[in-house]
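My questions will all concern the structure given below.
Letters A, B, C and D mark the chains in the order given here, with residues in each chain numbered from 1 onward.
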Amino acid sequence: MLRIGVIGYGYWGPNIVRNFNAIDGAKVTSLCDLNEDALGKAKKLYPSLATSTDVQSILSSKDIDAVAIITPVFTHFELAKKALENGKHVFVEKPFTSTIAQADELVELAEKKNLKIMVDHTFLYTGAVQKIKQLVDEGELGKLYYYDSMRVNLGLFQHDVNVVWDLAPHDFAIMDYVVPERPLAISATGEIHYNSFEDIAYVTVYCENNVIAHFNVNWLSPVKVRNTLIGGDKKMLVWNDLEADEKVKIYDKGVDVKTRENVYDLLVSYRSGDAWVPRIAQIEALRLEAETFVDCVKNNKTPVNDGLAGLRVVRMLEATNASIKDKGRLVEL
Amino acid sequence: MLRIGVIGYGYWGPNIVRNFNAIDGAKVTSLCDLNEDALGKAKKLYPSLATSTDVQSILSSKDIDAVAIITPVFTHFELAKKALENGKHVFVEKPFTSTIAQADELVELAEKKNLKIMVDHTFLYTGAVQKIKQLVDEGELGKLYYYDSMRVNLGLFQHDVNVVWDLAPHDFAIMDYVVPERPLAISATGEIHYNSFEDIAYVTVYCENNVIAHFNVNWLSPVKVRNTLIGGDKKMLVWNDLEADEKVKIYDKGVDVKTRENVYDLLVSYRSGDAWVPRIAQIEALRLEAETFVDCVKNNKTPVNDGLAGLRVVRMLEATNASIKDKGRLVEL
Amino acid sequence: MLRIGVIGYGYWGPNIVRNFNAIDGAKVTSLCDLNEDALGKAKKLYPSLATSTDVQSILSSKDIDAVAIITPVFTHFELAKKALENGKHVFVEKPFTSTIAQADELVELAEKKNLKIMVDHTFLYTGAVQKIKQLVDEGELGKLYYYDSMRVNLGLFQHDVNVVWDLAPHDFAIMDYVVPERPLAISATGEIHYNSFEDIAYVTVYCENNVIAHFNVNWLSPVKVRNTLIGGDKKMLVWNDLEADEKVKIYDKGVDVKTRENVYDLLVSYRSGDAWVPRIAQIEALRLEAETFVDCVKNNKTPVNDGLAGLRVVRMLEATNASIKDKGRLVEL
Amino acid sequence: MLRIGVIGYGYWGPNIVRNFNAIDGAKVTSLCDLNEDALGKAKKLYPSLATSTDVQSILSSKDIDAVAIITPVFTHFELAKKALENGKHVFVEKPFTSTIAQADELVELAEKKNLKIMVDHTFLYTGAVQKIKQLVDEGELGKLYYYDSMRVNLGLFQHDVNVVWDLAPHDFAIMDYVVPERPLAISATGEIHYNSFEDIAYVTVYCENNVIAHFNVNWLSPVKVRNTLIGGDKKMLVWNDLEADEKVKIYDKGVDVKTRENVYDLLVSYRSGDAWVPRIAQIEALRLEAETFVDCVKNNKTPVNDGLAGLRVVRMLEATNASIKDKGRLVEL
């Protein structure tokens, strides 16, 4: 039985507790939050849960095997570091840390102590992303050309980070998982209309082999959009995460190019065949992710969303912020 | 009767001839194209039309008052210049010219000779754009925050320009018309997957007063998207040009911010009221534009899409290309 | 404190227990189901709940004020009758009963004993239906012409009723609530493709003043549709219940008719103005319904979905079945 | 060269003239209309066209091989009869005639004189319907269960027929073409809100082998809908004719039924696999139909939309009207 201590019971924490508790072989035994009301609510649902407002009760407890850190990003490093130092596996909310240096240190520490880190990139465990990953891996799309994502809606404004750190970790993590070509450099732009954090941002990521990725994130959109286009030289796909039943569509569309002999210009023609809507497995992503964490801890496996994946996402976030500050200046990764 | 000579009878030329011919007080009297087949087709539809493969027949004719130039962009400058020098008004396909310097010279020449230039920014004459312009002018949206456009589809690859020069002139012209804040600088990125022209590009335009504009143009998308979001501090709108009946939707949505006394952080709350789909006039944009050209020539008026508007669009195109070449480097306008 | 006994803990029962328990001034004290596993699950969530497989424990308990009957329709009458005879208020799943006679008897019994009946027409408590009701009542649509509903999807086949008794109660109840004109007669058609119950049916309800209502219900549709059109002489509305944010749209569209003097035919012209998407309150319908039930019991009020409303829906269901059997024969209500 | 005389140059006539003129081996030589303005417009476009306000100029001309009758339905019979009597092939607007008796007489007459009749069921020549026909014929959907069509919009009110005779001929003709099972009987309902013709109607057609077809036609809808569902025991399809690119979607969805031994009830399970959007050929339906007419005349072939097809549609229209008058009474075909 993996005994899990959860730190943070705000917006997302209840989902974490519920899902870890639903797994055979795991149990949330302790919960910590500064808000006594939140603890009271948890206690009602899970009477046997030990609750406390003191994180030490979890970080230094001998009866806890793993710690789930569901707190604001600026606290991740300190909490995760102590948990690892005390020999506990760590499940941590995305984004992993506030800086690359912090992420590096945690990854190294975990490795030294032979502990697991999982960063909560939940989307990787959705049926849609798993189907997309499969399609790319099987070469269905051919050689990739671009990855273009739009994730916009009204609010929620965060108090400590800009729209990039709030929304883009989802998409950076998905791209990191799905696109085989490594990201090389970032040019990003954005604007601030309230307080001191960007509420709109546009991020271009240059990758190997001429793959270009782009991310449109916006807290000031009147409509909610969750749309991703992925184009390859064989096929292209559209992923609309707001569709109930038909999230992913693959198009047998593309460009055929022939070079005529002795002729400098290209003969470009268009291919437009059938489209195809694969059945997407109806899995609860967070449940599958929690199960994977438990499995990785118990059987010494490495999840796809390990500390290194978290580090790669933080590296893109840091570069994005640096580029935005300099109005699009190219920042190497 | 305004006598019009048309140069170029390829994809767009037939629409120009048809629309100018439909106006009382104007008549297309001559047509020039290098392709004899094209001339033959035109002759069948308009038996009284004089056709020729020699542009001089139009540029130097004494029986022609205005010239419509519907040819590839690299020819615009030479043709327009000669037409103006010969005392003819000019209607010219977008983009206006290949360089700012050319546009400048044409604008100056027209002014000196008291002739009219109209650049074919057809979209300005659509019911949708006119409604959006009216909404912004009447302050319905409040102070603007952003302008975000996506114009993507499969092909058509151009042989002489990249996707920016092909698709963005539409959106640059619309933004120039609708957004009161002046553009200040551009950071743009893009990628080449075939021959030597970018087929995907992302353009950020920084404007006065923290307005940020963004343009996503792509020749390699499996689906056609024509979507623009415009956000203000009072309301926000979505323009989907592919909708048959409900192209523009205005949302009474936004963010209300209060600063608490002696407190550094902001109280942000969200406003979400009714939405509204205004009736859009069903006008044929090109007809209205042609009528406006004839009216401007006859009554010495200046159209919104005059040479200066064309120049402003070319300035943005040139800056975009320069920025893309330097991977996002900020280029002042 | 209203003490509620719930009978039936299958698909819908858990929602009923959860919502009644969430209301101040009410508490689910007993639960009955034939399935011991279901009772076990309930017990885990609500440790203080008394559970039993014997309905008498609820129907004859002196410590229960109201009974919620969440069982198959053929059991409603017996259970509700005993509950009323024992002096308990009744909340009963839709459709109310299997026959008009049963519904009549229950309504009479409740009246005699001064007890409340509420039939679970949950949709009446949704923000969308409440907005539509308000629009009709305020005359926004003008004199009504038609009510046209489509409710189709794949499955779920019921074991004891046809698609009409499964899906149409929703729409019959909504029409009964929203449309002021009384239904007069029904012509319905349908077809059986598996076992012995219709899986597809089409129902026309003739109402007073030339209002015509139509219901398309289908268990064999590959796509889920929840669409209702309501037309009046002033405005028309579309209600798409699957839209996340914009469920109801009102169109300022219609027909203007003038009779020319001395001329027999009509001058018909079309009006097409703005459309409007009202903000719909985000209420949990079942919670509001449960609160209303408690309020009606405590303060001796009559809900809109009382026994008489349930009876009117059963009358339409019975007439529909009779008409389907006779392939569209008109059945008076 | 097939010489065609066209009678009627109102809303649809210009398309007929344009398309027949575009075919090699055919030519519209004469045009008749009561409206001299209409004739003037045609003359401008086709200077060599002989125009007249007298139908005899076409019906009795020796220089005309075929007559296209593009006039109101109540005139079809007289005009077609005279054309056939004078030895001319007939292309006639839908619906074929006002009564079954008329259709019968024309079919017989044409057969006796060995002349061709084609009824303008244009939809049969669209890429979408041809793809659907192919899918059904190849058994892709399996044994058919139902055909459910919705064709609604605002107006246009006709002066001489109700909404059934205006809109349903399209769908009746498509069903007649696509569904192999013969229609047996009709139950229909409708309502009149202006003058004396139904503006809303609902038609159920019972077919062989338990296939049920339904048609929802409405002149008073605020939104335009062109939607057809076709369900079979293997697959189901949705045809949305308003979609630009993805008109037809095939769903690998269905119901699997097993009968358990010694058990009276059915085990029903649902199958939900991939969906598929076949590429639809971009053909101009009217052009293809016109070519087919010319081909049938020249090579003595019988088109799918011959007089008998027209007759079958009129039979359904007549039965529908009879059933509506009797409020849903079943009318055998």
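Basically, a residue touches a chain if its C-beta (ideal position, glycine included) is under 8 Å from a C-beta of that chain, and two chains touch if they have at least 3 such contacts.
Because the structure is predicted, anything quoted here is derived from the model rather than measured.
The greater number of contacting C-beta pairs, out of the two interfaces A-C and A-D, is seen for A-D.
Greatest Cα centroid separation from subunit D: this falls to A.
One finds 53 Å separating the Cα centroids of subunit A and subunit D. Per-chain Cα centroids separate subunit C from subunit D by 39 Å. Separation between the centroids of subunit A and subunit C, computed from CA atoms only, is 42 Å. Looking at subunit D, residues 223, 272, 275 sit in touch with two or more other chains.
Note for the complex: subunit C touches subunit B at residues 246, 249, 252, 272-279.
Of all the residues in subunit D, the ones that touch subunit C in their complex are 145-146, 148, 150, 152, 154-155, 157, 159, 185, 187-195, 200, 202, 204, 206, 210-212, 214, 216, 218, 220-223, 229, 231, 233, 235-238, 251, 253-255, 257, 265-266, 268, 270, 272, 275, 323, 326-330. Remark: subunit C residues 47, 223-224, 242, 244-245 touch subunit A in the complex.
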